[in-house]
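The structures considered in this document are given below.
The following pair of complexes shares a single chain, chain A, combined with chain B in the former and chain C in the latter.
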Partner chain A sequence: MDSEEQRRQYLAQAKAAAAPTRAASVRDLAAYATAEAGDAARMCEAISALSLDKQNYQEAVRALLGIAAQPSLERDVRLAALQQLGVAEFHPKRFAEFHADYIELLRRLATDPDGKLREAALDRLTLKNDPEAQKLLEQTLRKERKAVVPHAVAVQFLARDNHGSALPLFRELAETGPRAVREQALQALASDSKSAGLFERIATDKDERPALREIAALNLSQAAPARFAKMARQVVLDQSDADRVRAAAASAIALSGSDAKRMLTPKFAKALDAAGAATQSRSLKSSLDRLRRAAAAKAEG
Partner chain B sequence: MPHPLDEALNRIACVGKGRDGDRRLAAMLHQDAAHFSGLSSRECERVRGEVLATFEGRDLPPEALRSIAEELRTSLSPVVLAGAARALAGAARPPADMRPLLEGARDRIAGRDEYVSLGNAAGAATGARTAGEELRDAILRFGEGPVRCCGGASAAAPRPDEPPLSLCAKSLRPVTVEDQSRERTSLVTLLRERASLLLFFYTRCMNPAKCSLAVGRLGALARHLAEGRTPDFNVLAVSYDPAYDRPERLLKYGLDRDFPFAPRARLMRCAAGWSRLRSALNLRVGYGPATVNDHARELFFVSPGLGARAVDPELLADASTAAAALRDFADAAPD
Partner chain C sequence: MNVDIRFPAYDAQGRTFVTWRPVEVKLRVTAAPAGAEEVPVRLTSKSSPGGGRLSFATTLTHQGVADLEVRLPANGTEQTVWVGGSYQSPSSRYGDVSMEAHDVASGASLASHPLMVRIRKDANTLTAAERDRFLEALARLNGGGTGPYRDFRDMHIGGPPDDEAHGGAGFLPWHRAYLLDFERELQAIDAEVSLPYWRFDAAAPKLFAAAFMGVPDRFMQVRFSPGHPLLNWVAMDRRGVERGGGVGPNTVPRVVSEEATLHDQNGDPHPDFAAFREMQFNPHGAAHMSHRGGPITDPTRAPQDPLFFLLHCNVDRLWAKWQWVTGIHDPADPRAYDETVDAWPGHRTNDLLWPWCGPDQPDRPPQAPGGVLRDSPITRAPGPRPRVIDMIDYLGTVSDEHMGFAYDDVAFLK
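Our next item is the complex of A and B:
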């Protein structure tokens, strides 16, 4: 999910939460779960308003587990139940007795016929580095099974485990995957020092998309600082390169460690002055200015 | 081509019965064993859980018991703890000192319990139960009544079957270490200056009961020593993950744990020669595609004459006890 979509969803939820809602009882939810038909929107509201205080907690969580697991219920109702279970999980001591059943439920939902339920379940499971979820996602990316989530989402979820085994797969996808997948795979490789060659190749390739080159440059600054320093200097001063990429390289130098900062010589500062004068781009001017100030501070220090 | 995880699991199923089989199984728990190489941390946990569960109904050699105790003491993994519980539940005479460790594991797993499906000796999965249920069953075997706790540290070596090591200065000469302030030095030169305590860790360790706790405790020992009551030692921690644990990360990690950085108290990585050091000390660490996939808790005393001895990491739990043990080691070690 991209950040703009996340922001929209969050604002919608906050607005809904602020609206006055009738408090729901567990009896209401249980009745809905066994009824032939119900008002799904009202039930979603009721689930969100369900009390999780100490008195009602056990009964509420059991009801929520039942609703989320029930394939005959509407998807949005089941998603609301999952959401509320996430809230319940914030009481770890009370939730402890339900944790095993909750994980089991999420693992079942990871292969549910409904895509949004699958994604919600895998989202929660991969936050816990669940191995069964990881297996499904790797099989999706290797096309060994029907995709459980879109490939870019699969990469994003798998990348959460920095002790995982998907790194070789990310390296492959960063080179050859479709557009959105390449971007996610490259981000997933952020701290992989063995991918330094790949990062440098992408960062210096003017035929690559600027967004990809920016990610590659940032990754290189972390994975191989000395190599990054050399590359970034060339990119920053190259007036034929994209302004956006030059700005990203300049910012990365300003923020990076001593390997890059070692190049902030008076000669380089002079070259930055010339580069700043030659460009019309405000963001590039701003990044170059920041870098110039860092060079001046180093010269004084 | 079979997945490396499936290969490892098949290997477990092929281990025969009897004393030799029991020893082979115990050796399969070494974190640096070949079948763990390239697996993710979660996959390693699955293999460890299965190895441990395979001990059910078998004799438990001392090395297996030590591994089980260590898992019960530190592991957060439901599958590993379930395997450890299964191994003990099947033992004819479960050692009494395991009970407090089982109880500690049961409490630790309470908020992260899961259903775990473990194979039996023939490889077919038996019915799924939670790790908590497995641990409770294992505890029940000890019956009622208090058990004298001896889950604390001993000064004994954690690997008594391995003799003390004599490190070779020539083969370690290429090993250069870099500390949190970017100072580089030859490891051999550093170790020859004075007696040293050498801990291994890495900043991305996900188990707070392992590296984070160990470095915190090492820092407490360094502070105790700095108060001047004992002859001076080097108190050093070396990263298992030298490519990632660069000086700025070592610095932040130590500061977050109040590590008292000083010329004789440092966090370090190998800038060169890591594989030599790893091999020289037979370090129990395995690697996946990204980073360390599993490791033992490892602490060594090293004399200025480069004699090395593995030490129980629980020794660090009390700084004054650790300092006293260091003094004894230093007095006994030839220069």
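Our next item is the complex of A and C:
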């Protein structure tokens, strides 16, 4: 079909499908909030449809701050208001006058009786490296206060500040924490060269969960490339090891820097061919193939 | 007898790429039969199954044809034809289409020139091979946190850089330049890759899958399939991708639809850029927030999640589609952009865009990560230090230069 004709059809379809809708207004929200039945679902819809254009912006944001702060409203309604405030934040200049009130609201919600509101508030605060939120999370992890969020979430949120002081805590939790906490702590230690020994130990321990070994191996590839290269070579070729860990190691070699690539000798490439032929795992085959291509590129280069 | 086919530009490996926008191709006969003044030559494309297709014309037009006969001077004088990708027939790899020249009289093949119709596609429609090439290039660009990706992360942060990218009329041109710079870095790694888009007003089950952009668990940790390239993703010294659970494989995010984004309530296209750009809140901001948590929901952190680049590719596609629907491509058209009286630096029509303008420009952020906008072997536009106005006519509809990208569902129209 001719492009001009296609355009005409597109325009005609849009015209035919047009159904005048009115964006929700602050008055609509007030009506739902005071209605006898207190229809939370409809209020959430109205919040999502709330107009944030220039004319309505200030009134809308004030209303949303009020709704999110209101303990008598249902949790889902307050969460919807927080979400729409997040949308409003995508205009930093217009949002600037509300920023201080917003942070204060989030800090109050960080210790709200409702767990989902706490988690939503701490999510937003830690994305801004808020120090009060970080303090609450460290206190949670050190068990100095009642947990504001599950410990694994606390680690994850705290790790967002890469200039933070929580590294020693993460090292400790990576060794001794419960399962989900260890995983988050290991993720948080991605660039920690002091943890290279820990990474190598976990990556090579076949009694550890594959998910943890995978993270540890990838961390080692950054923290100590030469140690990683030696370990990864063994893991990739070890047919008794977990496919997932072998696949992660193979991909990490292929995608990483020069230390690992030095092992890509013709002899190693041959061993990779044998490894690829011996496995049924599609993911492992794909990772080995990626590594073979990297070896071929190195040979050509 | 042969025909030389020469496209306007090639990369270092001798490859050339086109979009829907035709480019000037030079043809020249060599070793023509004695006595001939002209040689009739038929131009067609030859495609692998599922490969790209080409259109040919003697002028710059969207109305190219699949099969064109031209008469080339036997003395070897160059002649121009215009060649572009045939709309809605993109390539999936280099060389899946070639431009062919045949002698009309004998049918003999006189030339065969491979190329690629390289187009930005809906991420949910990529083949496994296209997806994996893109992911691998993305992972290499990230380099486990040490690659050039860091500059892109640092261009889109809080403080003064935030004012460059958001809030004003320059939001769309800035992000167009940002994505183009990013895509060209990916293409420096793998020239066959183009940036796919997340069509956020529809479900995208292939995109939100372990093999592609992953599936978040209860702790907002995105899970990938074993050996996935993005397992090595490091954004801010922390491994992995964090994303809230708001969008699953079958979720249709609650954002304004494409039709409602481009048109007003009467079904007419927004008449000017000023009306169109209100989409910055919805669907753009709403798409970010649809995930309900994680870096992608914060304007100063969003690029820490690689999905960000696919989200913004769709934002840019919507702008491109509005331009197509309205025919407003000319930067000189007052409807094409709206410089408001209160526009701040970076949002006025002739402002250089930061960070590509460099550091220490008056009233602009003092640092400028990443240097100038990455060049392309295929085109000179928009230049290393583009202005706001330079980002409008991306397809070269009114100007002589195109920027080397196009969308699978936005045609070239001239």
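The rule is short, and it goes like this: the second predicted complex is superposed on the first by the 270 of 301 C-alpha atoms of A that agree within 3 Å, B and C clash if a C-alpha of one lies under 4 Å from a C-alpha of the other, contacts with A are read in each partner's own complex, and residues count from 1 in each chain.
Going forward, contacts are C-beta pairs under 8 Å (C-beta built on N, C-alpha and C of every residue); 3 or more make two chains touch, one makes a residue touch a chain.
Keep in mind that this is a model prediction, so the values were computed, not measured.
Enquirer: If you stack the two complexes on chain A, which partner ends up touching A:214: first (chain B), second (chain C), both, or neither?
Expert: second
Enquirer: Is A:93 in contact with chain B, with chain C, with both, or with neither (first, second, both, neither)?
Expert: After superposition on chain A, A:93 lies in contact with both partners, chain B and chain C.
Enquirer: Now for A:55: first (chain B), second (chain C), both, or neither, which partner does it touch?
Expert: In the superposed model, A:55 contacts neither chain B nor chain C.
Enquirer: Does the superposition put A:280 against chain B (first), chain C (second), both, or neither?
Expert: Neither partner.
Enquirer: For A:104 in the superposed arrangement: first (chain B), second (chain C), both or neither?
Expert: first
Enquirer: Going by the contact rule stated at the top, is it chain B or chain C that touches a larger number of residues on chain A?
Expert: It is C that touches the greater number of chain A residues.
Enquirer: Classify the contacts of A:240 with the two partner chains as first (chain B alone), second (chain C alone), both, or neither.
Expert: Touch status of A:240: no partner.
Enquirer: Thinking of the overlay built on chain A, is A:7 touched by chain B (first), by chain C (second), by both, or by neither?
Expert: In the superposed model, A:7 contacts chain C only, not chain B.
Enquirer: Does the superposition put A:72 against chain B (first), chain C (second), both, or neither?
Expert: So A:72 meets neither chain B nor chain C here.
Enquirer: Of the partners chain B and chain C, which touch A:193 in the superposed model: first, second, both, neither?
Expert: first
Enquirer: Go through chain A and flag every residue that touches chain B in one model and chain C in the other.
Expert: 92-93, 162, 191, 257
Enquirer: So in the complex, the part of chain C that touches chain A is made up of which residues?
Expert: Within the complex, chain C contacts chain A at residues 62-63, 87, 132, 136, 139-140, 143-146, 158, 162-163, 166-168, 219-221, 225-229, 231-232, 234, 236-240, 242, 244, 254, 259, 262-263, 265-269, 278, 280-282, 284-286, 288-289, 292-295, 297-301, 324-325, 344, 411-413.
Enquirer: Would you pull the chain A residues touching chain B in the complex into a rising list?
Expert: Those residues of chain A that touch chain B are 92-93, 95-96, 99-100, 103-104, 129-131, 134, 161-168, 191-193, 257-258.
Enquirer: Residues of chain B touching chain A in their complex?
Expert: 38-43, 45-46, 110-115, 130, 132, 182, 204, 206, 243-244, 246, 248, 288-293
Enquirer: In the complex formed with chain C, which residues of chain A make contact?
Expert: Touch residues, chain A against chain C: 2-4, 6-7, 10-11, 13-21, 48, 52-53, 83-84, 86-94, 119-120, 123-124, 127-128, 150, 152-153, 156, 159-160, 162, 180, 183-184, 186-188, 190-191, 214-215, 218-219, 221-222, 243-244, 247-248, 250-252, 255-257, 281, 283-284, 286-287, 290.
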